Every structure is written in C-alpha cells, then in structure tokens.
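Both of the next two complexes hold subunit A, though its partner changes from subunit B to subunit C.
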Partner chain A sequence: MASYPQEFRFGNFIASIIWLVFWVLLIVTLVALPLIFIILFYVPLPLANGEVLTPYLFLSMVVDPTRTLPILQFFMQTDLFKIAVFPGFTYAALIAAVTIFVERKFLAKMQLRIGPLYAGKIEGIFQLLADGLKLVSKEIIVPSGADKPIFWAAPIAFVATAAAVTALIPVAPGWVVADLDVGIVAVFAILGFFPLIALLFSWASNSKYPFIGGLRALHQLIAFEIPFILSALSAVLLAGTLNLSGIAEAQQPYWFVLFLPISAFVFYISSLAEVERVPFDLPEAESEIVAGWLTETSGMIYGLIQLGTYIKLYALSAIFVVLFLGGWSGPQIFPQELGPPGEKTPLEQMLTLEGIYNPGTANAIFWFTLKTFGVIMLMLLPRGISPRIRIDILLHTGWYKLIVLSFINIFIALALVYGGVFGPEGILTSG
Partner chain B sequence: MAGVHESKVDEAIEMGMQVVKEYTADDDRLMTLSVGPQHPGSGHFRFTIKLDGDYIVYCDPDPGYVHRGEEKMCEYRNFIQNIPHLERPVIHDSANITYSYSLAVEQLVGIEVPRRGQFIRALTSELDRQVYTLYWLAIYGIFLGHSTMFMWPTADRELFIDLLDSLTGARVTHAFNIPGGVRNDVPEGFKEKTLRHIAYYEKRLKEYEDIFYNNPLLRQRTEGVGLLTKEDAIKLGVTGSVLRASGVPFDVRKSEPYDIYNEIDFKVQYMRTGDSFARAYVPFLDMKESCNIMRQLLDKMPESGEVRAKLQPNPKGPAGETYRRVESGRGALGYYIVSDGTPRPYRVKISVGSFRNILALPHLLVGSKLADMPSIYWALNYWPVEADR
Partner chain C sequence: MAEETVLNFVPILYMLGFGLVAAIPALVISRLISPRRRFNPVKFLPMECGQMPSGEGRSHFMMQYYSYILMFVVFDVMAIFLYAWGASLFSLPRAATLPMMAFLGIMFAAMGYALFLSGRKGIW
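Now for the complex of A and B:
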C-alpha cells in the first residue's frame, strides 16, 4: 500500500512547510553557524591577491564584479581546481554526459529511430538527468552471500580508477593534473586495475553469470593490454619521451597518425576492447550471460559503473588524440582579446574574462575537445553496424593479429628514427 | 557461400567431434546454468546446460512455461468458435496457423473455397510469413549483439502490418482465414498499395544483406557453428527453414500444394551447409521469394467473385478424421482433427514446426561454445508459445 495522507488539507501542507523552515533556521543559527566560526578560527585561510580569503570576501564577489575575477584567477591556480574541475573530474564527467546523450541520438539516427524525445522538451535533452534520478532513487539490492565490502567498494574503485586516468591527460599546454615524466607508463599502470576490479566485483556478487562475465572481462582486458602498449610504444619512439605533454608537443607540425596509421588502428581496436564496447562487449553479452559481470548491480551501483565506463571512454579517446592526432595543436581561431579593445567597465571586464582568458589555451582546449569528440564518435560507430564477437575469435585477434600489426609499425617507427627523420636532430623533429 | 564457407564447416566438424568425445556429463568440474525462463536470451522457455570451461557438454530443454491447453479448448467449442483462440500460440503468424485449420475443417465438412477467396487467403499467409520472419530476424539480430538488425526489421514489419490492418481490421491477430474462405474482400486500392510496399521492402532487404549477412564478424560467428547434417536433420524430424538449411528442399507449398499454390511459380530456397549461418539465411531467402509469390498472387487474382463459401451456421461433418498442413514461418504446420459427427471436434492435434525443431537443440548445443548458444538456439526458428500450445 502506498502511504499517502487520507485527508489532505492545503492548510496543513503550508503549516508543515513553515514548521520545516523554522527548524532549519533554528538549527542553522544555533549549530551550523557557530561550528563554521569555530572552524574558521583554527584553520589558516589562503591569501588571494594579498588579501585573506575569508568567507565574506568570497561572498562579496556575488555583489561586486570587480572582485570576482581575481578570486577566480586565484582558484584556477590551485591544485584543487585542476583535480576537481578543469582537466580533472568535472570536465571528464561533462564529456561523458554529453557522450551518453550524443550516443543515443546518433545510434537512433542510424537505426531509423528517434531516440530520447520527451524529457526536457528539446529532443529529450534531459534524458540523462531523468535516468540519473531514476538510478539514484532505486533500491540497491545486495545478493545474499555476496562479499559485501568488495561489492560496495568495487563500483567506487571503478569510477576512481577511470578518473585517475584523466588526471594524466594534457588538455592544453600546462593544463594537466599530474605531468609525470613517465606519463604513458602511468596510464597503462592505472588501466591494469580494471580487470582486477571486474573480477573482484564478479566474484563478490556470488552468482554464476557475473562470474563468467568477470572471467571474460579478465581474458579480454589482458589479451588487449599488450597490443595496446605496443601500439603506444611506436608513438613514444618517434617523440623520444614518455611524457604525454612531450608527445603532444613533438607532433606540432606533423601528426603521428601520418607515420603510424597501423598503430593508430591497433590502438583504436584495443581501446574498444578496453572499454568493453560493441563488438567487444562480451563481458556484458546480454543474450548469453544476462548482463555479464554487471548482472547483480542495481540502482546507483550500476550508474557508477556506467559513469566510470564513459569516463574511461573519454580518457582513452583523449590518449588517442595525444598520441596520434597532435594533442591540442590546430590553427589559431580565437582572437587575442575578447570584446572591443580599449578601457573596460568592471562589468565588461567580467564578461570578457580579463586576466583569465588566454587565446593560446582557449584554442588548445577547443581543438583538443573537438578531436576527442571525433574519436569518441568513431568509438560509438561500431555499435550500430557490428554484431558481438566470440571470445575465441577475440583472443585470437588480441594475441596474434594485433600484436603482429603493432610490431610492424614499431619497425616503421624505428626506421624513421634511425633514418634521421625523427629523433634527435631529425628532419621533422619539432623545436 | 562458396568454397571458403564449406572448408570452414569441415574444420568445425572435426573440432566439434573432438569435443563431444572428450567429456562426459557427470563431472564435478562442470558448471550447471539454468537458461530461462527469465534469461534475456531464452524467451518463454528454459533449458539447463552444463559447461566445461566455455564448452557446453549437456543440454536439457524444458518447454511448457506457456502451455495454454489450446487442443483441449478446441473440444469445447464448435468449428467456427475455435478460430480466434487457435491463433493465440503465434500471433505474428496467425494467418498460417488458422490456414491449415480451415483447410482441415473444409476437408471434413466437404466444401470448396471460391477461387478469389483462395487467392486472398494465400496472400494473407504470405504477408504473415513476412511479419513473422521479420520479427524472428529482429530477435536473431539482437541475440548476436547487432542492435541495428533489431531495429530495422521491427520497423519494416509495419509495412506488412499496415497492409494486414487495412485488409483484416487487426494488426496481428486477424481471425481472417475461416473455414470456407476469408471473412472479407480486399479493400479498394489494396493491390497498388501492396506492390508499392513490396518495392520498397525489396530495397530494404538488400540493405539487410549488406549490414548483417555480409558482415565479416557475423560470418565468423555463425559459419560452421551448430552443424546439422542432412541425415541428422531427417532423423530428428526438423522442418521448415532448419530442414532446408541442411540441404533438404522440402516445402509444403511445393511438395503438397494446397489451394492455388500449384499455379504459382516459385523456387524452394535451401542451402547445403546446415550450419547456423545457413539456418539464419534460409528464412531471409524465403522472404525474398515470398515477395515474388505475392506479386504473382496479386497478378493472377480474379477481378471479382465470391470470397467465402456459404456454410451452415453450425457446420458439422461426418464422423471421421482429417489431416492438412501448410508451410508456416517455422515449417510444416498441420492439424489432425477427429470428428464424431457433432458440431464440435472430438479431438484436435496441432503439429507445429517449433516443437519439431527444438528437438534438435541438445544435439546441436552439446560440443558448442557458450557464446554460440543464442545463435544456435534462435536459428532453430523456435517460437516457445507455439511449441507449448
């Protein structure tokens, strides 16, 4: 039985809202505000442009636009901003969200359908929001006999691992969370966690279909790890560095895809297998093993794993762009300054983002995002045209064909380096 | 379907034979999986399989989840009242399942269907064959993970559902073929509309072939999988597309022509390889040939005339028995009716193609891989509701 008030009175409804507001105000003034003041007394506050960044100063940016830009500038220099907002999680999650929507509409057009239509008036643009709300509101069912700590931890670990890959991606010169000298190695080190998480989760589910799916995921991810690394290696050979920013800079005039088309192809195929997309979606093969290693997921556990998968899709596409498509390079299309030149009023300054706007960075971000989206679309394409592959064919492809193909391109890369085209003092080496 | 395909089949025979010899069903290292009735790849049907690694070593089909006692229900209704509930077992192919019932009742009662009625009947039968086979193909597509092949046939099904709607007044369950002919004459402009739809549909069939049947990944997955030799096919008693895929050119429309099918010029579509790909491709060839048949039917149909023979309100025949069958989307579909001279049948037995085909399932699944299970199972052209009746 649904529990709803038998005798609904509008007056009671208003009274309950007033009662709620009363309690919220009471608790905020008596408990929350004193707590905040106590914390502010002990915590040292950061300096923004020589001023102590107190909550009052922070709040004043709402009313005084001249204060906004310095505070924003200050925030953009912090590590927290990089990790949480721009090249980090929010940017990746935003691209993942757009990807999900674009995928649905794109696939629908291929299949003579309409796709999402009703949520949010314009072409179902809020469908993702509706789906998210549905997943959040659903009950999470943990199977009896499940290994509960791992069952709860694995989805979070999945998203965290996917987000960790995005930390290594240079979106624009200087805009990278962790600019490691061994960047590409770190990427593969992090990607190595995924088979482990899939197997742990499937084992923790205590069910047969997830177990088969987990084993399939393990086989698949390990089989494609080696061609994946080998195909990236040829780009490293040409660039002469393991640093991802360095690799992107090394291909300023000529993208590596011109010299390493076979590697790019192998990398693309391996990425498809890595993100478990059609035709390599056999860990989730619906008609064979229900939903594979996701069979026992429900509610937001499923939502988290899907979010992780799409963030992983973005990360692998971005790495493809960095390795083969010249990273952020592209013709300059942004003007030196936003708005008309000359003196500006504070409001105009805020609108034209003075001090924050940098034409080089804006251009780099634009081209990088555009290329990444192109690669993402390429990754979505097989879902409309291809059936699922079988595990033995998949392993054969991974262990024999792709490894041989990537070795061929490594030899081409070596020939280019020793022939003096690339490498130190090479003809086409940039800088 | 040239030499390359057949050499792959030989390879698979060797591999398959090896596997079956190696394992026995009682072993602790086997994993038992219950596929269905809530498994997304089973339908209203369950089978238990035992796995050794990725290989299926044992299979036990367990139909009966949608048994509705259609045969018993027939004994409590008269010959006309039976029509609407007899089409329930396979609503997508309801014209064919009532077709053979009507033929059997006509033989029992001893009436002749008017010529125009025979043509319209054959036309609905062919239209429903398209509707059913498209639905079957859609599910075959999604079973192999090809989502476009799920969406396209389900959309193109509307072409024929639209025609049947204008002809019979119902989208799927028509109750249109009745003893004595068909209920109504065709509506105005029906012939032109049908020809237009068929012309569009034949263009679409070419696209199906490009995106699905000629897809190298599909070929890899289905060629040489689930081999059914000609001898085994005859021994197991399979019918319809499964039998024709194994190289037996058997089609009831050709071998025992009913109504006006002996005036129609068409070929029996069959392949020799007997693998999962052949079983998936023969229904597609059937659909192509069915377009031909429909064109001829529309051409040769008399311009006017009766569509239904006059029957008594409560028809009854002499005491005796009768058996008639037609070629449905799933193979030979026959009715065996015993009458004791009253207006109600004494016994009705429906012999459906689905149930004959599922008998081959254990034979084909044992020794194959788990990943091939959906492609073998659904290529058998099995409709669980029809088999359970």
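Now for the complex of A and C:
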C-alpha cells in the first residue's frame, strides 16, 4: 500500500515545485545563456541558403513556413544529424523499441496467448512506455562487494558500443555515418567487445551466477566468431570490396542470397549466437543460472543492457540485409514528387517537403527498413519454437559443422568468380 | 582506396560518444527519481536463490573447453587474413589462388589434428 509521508502537505509540494523553477531559471540565466553567447561568439556560423545563420535568423526562419525548408535541408547535411537522428542513434533506438513490442506480441500469438494488453487502449501499445517508466523509477541495487565503477560503467559501455556498430551500416546511398573502406572488418572489430563487456560486468558484480554467465558468453564468442567471419567472406569475394556500401551496390540486380544460401544460413545462425538469443541464450539461461550475467542487474541498468541488446539485434539484421539481401535495392514505389503537380503555395511546399524529398532515397530507406524488419522477425522466431542447446553441443556445432558449411560456400563463390559469372568482366556484374 | 586515414574512423567515435551522452542521463535520472532504502543489508547480498551466499563471489573456476580457446586464437587471425585476399581477389592473377589453397590446407590439417587429439585425450 502506497502511503504519503507523515509531513506531506500540498502547500509544501507547491513550494518545492516553485523552488525547482527558481533554481532552473537561475541556472539558465547565470550559466546557460552566457555559455550560449560565448559559444556563438567564437564558433563560425554556418551558411544556410546563402545567408549567415544567426540565432535571430534561425528563429525567424523556423516560424516562417516559406523559409523553414532550407534550414531543414541544411541540418540534414550535417554530421550531427546523421549521428543523432537518421542512420544513427534515434533510428536504431526506434527500431529497437518497435522490436521489443513486436517481439512480445509476436511470441504471444505464436503460443496462443494475448500478450501485453492493458497499457494503452489498442492492443497495449503503451506497454513499452509503461515498462520504461517502471525501469526508470526502480531502485538500482548494487550488490555488496561489487566493483562499483565497472558495475555502473558496463551498461553505458554496452549501449555506446552497440551504437558504434550502427555507425557503419549504410541505410541508403550516401546515408551512412562512417563510410569506411574496411567496413565489414570494423564491424567484426566492434562486435568483439560485447563478450568482454559481459565478462567485465559479471566479474564486477561479485556473484556466482553472473560469473558463470560471463564465462559462457566468452565460450559463445569462441564457438561462433569464426563461422560468423567466414560466412561474410563469401559475400566479400563476390563483391570484391570490404566497403559495406560497395557490397550493397554490387548486388543490384541479383541478391547474393541466391548464390550464397549456405553462407546466409551460417551468418543467420551465428548472428543469433552473437545477440545471445534462443536457442543460443546460454549466457542468460534463465532456467539454469537464474539470469546469467544479468542476475545482479536492476532498474535502469537492466533497461540499458536490454536497449543495447536490441540495438545490436538491429545492427546484425541490417548487416545481414547488406551482405545477402541486396541492401536498399528494390522496385521504385515512391512517386517523383509528393502531392499533386503544379504550382504550390509556401505551406504546400513545406507539407510536400520540396527540396528535401528524394524519391530514390525514400525508396531505399523504405526497402531497407522493410527487409531489416523481416530479418529481425526471422531472428525473433526461434524464441517461440526452440529449446536452448547445451554448451558442448554449441561448441561442437560451431567448430565441426558451421566452419565447414561456410567453406563450402566460399568455394562456390570462388567458382563463380573464376567461372566468369562475377568479377570485373562477369556476366552478372552491375555497372 | 588509398586515402583511408584515421579521420575516416572518427565518426564511429562520435557515435560512441553519442551513445554515452544518451545512456548516462538515463542512469542519472533513474538515480534521482528512484527510491533509496538502505536500511536492510540483506537485500545487498549477492543473489543465490534466497539462501545466504556461501563462499567468495569471485572464486576459482575451471575454465572448460580450453583446447577450443587455444585453437580460436589461431583461427580467428586466419579468418581475418582471408579478408585481405578476398577483397583483392579481382586484381590478383589466378595462380595466386593456389598458395592460398595450400595455406588453407595446412591450416585445416592442423585444425583436424587438434580436434582429433583433444577429442581422444578428453581435455575439454
């Protein structure tokens, strides 16, 4: 039963809110405003639509519909937009959030249950919001004897590392945060950090179940890292480049999954092991070792690790799409311009996003998101239908079967290159 | 392809930094608004299914599957070396594939022998 403290008075409550407002105003006036002016004094202001973008101009352009579009156009070109919003963090976190809800509904339907129902009028769509509020407002319990700095830092590092993987994913032509020539190798390099973070966290929490879970995460890395790397190699062989955008462009008419089905299968299985999902969720086997390396997590620490896991799930599905399902390619379904043709009033121009809307890019984003979501659903599927496998069978599968399977497809890829199907003068090479 | 510099990798660090910027406030806000009741020391004990924990949390633990770990160190490096060959396959002469196949043959003979030996001696 919730009860108010003894000294609760409504007047005190109002007074505390007024105090809070007072402090916020004081800090804004004394610290934030001078800071903004100092920054504006030293930072060279950018050009938008041929004019120097001062704060006054920015505000007047935002409220005037006829002049808002250039400013949007300008901000969409900046690095900050790419990192914070579109191919970067917000897009990934949004897909992760949708995945969490869809997973619960999807698994429930598969097992003839209903799933989340009560939060929100329609099918429990506010369940995620309710869960988030619950996680934020729960007490974080650090077990006694834990290594406190690592215990607090590991969830943050987990989310940040997952975000760093999404930086390498090309969502549409030119829409990628870091377009590296060694993109796929960089992906493997960053993915190698996750078992280390799991092991660090489990060691820091000074408890036995997390420790066993952390060691299992390490074993999973050992079993599945090599098939994971080798199955991506056959796509690299056919594309002739390590750049992820280059690999996506190389499969313009024919997707690589047509030539490399075994590699795609091995990559899918190894990705399941990388994101620690059923049937490879040994590090957090909830029916064997309480919750594995997540046993001592509580409140927002658990929330952050879940967020990181689902961002990682998005990243691996997106890499599957880039390597085997043709990236962003798909039939053009978006019209050349939004809205009816002809002269437009300024408001209509703004509503139809004139100057920002690009049918090719919109199409690419649509198909990429659709395919990625399809692969995510495919990765969610085994959780409803499959039991967990034993750890020695896991290692045996990884070393004896998956490595051999991925090599079969590497030789098929080599035969395709030397048989003149792919390569510089291949019959199926695009462009 | 030759202009790859350290600067191309900086956006990844920005993204990492943005992840930090997004995750740290979540923990700070949670710490600010969540209750803190510290009068019961039992709840800070490590989780052992309701029992009083016995022994150290960080104890000696038998690291199983040791031979796989040893093999992993070698074959992970081999797998990454294959990428250097795979990415430049189009510009290599065809005869250059033969040494590569010999390399793979040596590696896999060694791997098969290691798997066979560790299986026979039961040193998992």
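Following the convention adopted for this analysis, the second predicted complex is superposed on the first by the 386 of 431 C-alpha atoms of A that agree within 3 Å, B and C clash if a C-alpha of one lies under 4 Å from a C-alpha of the other, contacts with A are read in each partner's own complex, and residues count from 1 in each chain.
Throughout what follows, a residue touches a chain if its C-beta (ideal position, glycine included) is under 8 Å from a C-beta of that chain, and two chains touch if they have at least 3 such contacts.
Small disclaimer: the values here were computed from a predicted structure and weren't measured.
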item	value
Partner chain(s) touched by A:V417 [first = subunit B, second = subunit C, both, neither]	second
Which of subunit B and subunit C A:D392 touches, first, second, both or neither	both
Partner chain(s) touched by A:A84 [first = subunit B, second = subunit C, both, neither]	second
Touching partner for A:P143 - first (subunit B), second (subunit C), both, neither	second
Partner chain(s) touched by A:E249 [first = subunit B, second = subunit C, both, neither]	neither
First, second, both or neither for A:E286, with subunit B first and subunit C second	first
Which superposed partner A:Q111 touches (first subunit B, second subunit C, both, neither)	first
Superposition-derived comparison: subunit B or subunit C, residues of subunit A touched	C
Partner chain in contact with A:E103 - subunit B first, subunit C second, else both or neither	neither
First (subunit B), second (subunit C), both or neither touched by A:I301	second
Overlap of subunit C and subunit B interfaces on subunit A (superposed complexes)	208-209, 212, 290, 391-392
Residue ranges of subunit A in contact with subunit C within the complex	79, 82-84, 88-89, 93, 135-145, 152, 155-156, 159-164, 166-168, 177-182, 184-186, 188, 190, 203, 205-209, 211-212, 215, 219, 222-223, 225-226, 229-230, 233, 236-237, 240-242, 290, 295-296, 299-301, 303-304, 307, 391-392, 395, 399-400, 407, 414, 417-418, 423-424
Residues on subunit A engaged by subunit B in the complex (per definition of touch)	107, 110-113, 208-209, 212, 278-279, 281-282, 285-290, 383-393
Residues of subunit B touching subunit A in the complex	31, 33, 39-41, 54, 141-152, 155, 211-212, 215, 217-218, 220-221, 369-374
List of subunit C residues in touch with subunit A within their complex	1, 4, 8-20, 22-24, 26-27, 29-31, 33-37, 41, 43-49, 53, 57-59, 61, 63-65, 68-69, 71-72, 75-76, 79-80, 82-83, 86-87, 89-90, 94, 97, 104, 115, 124
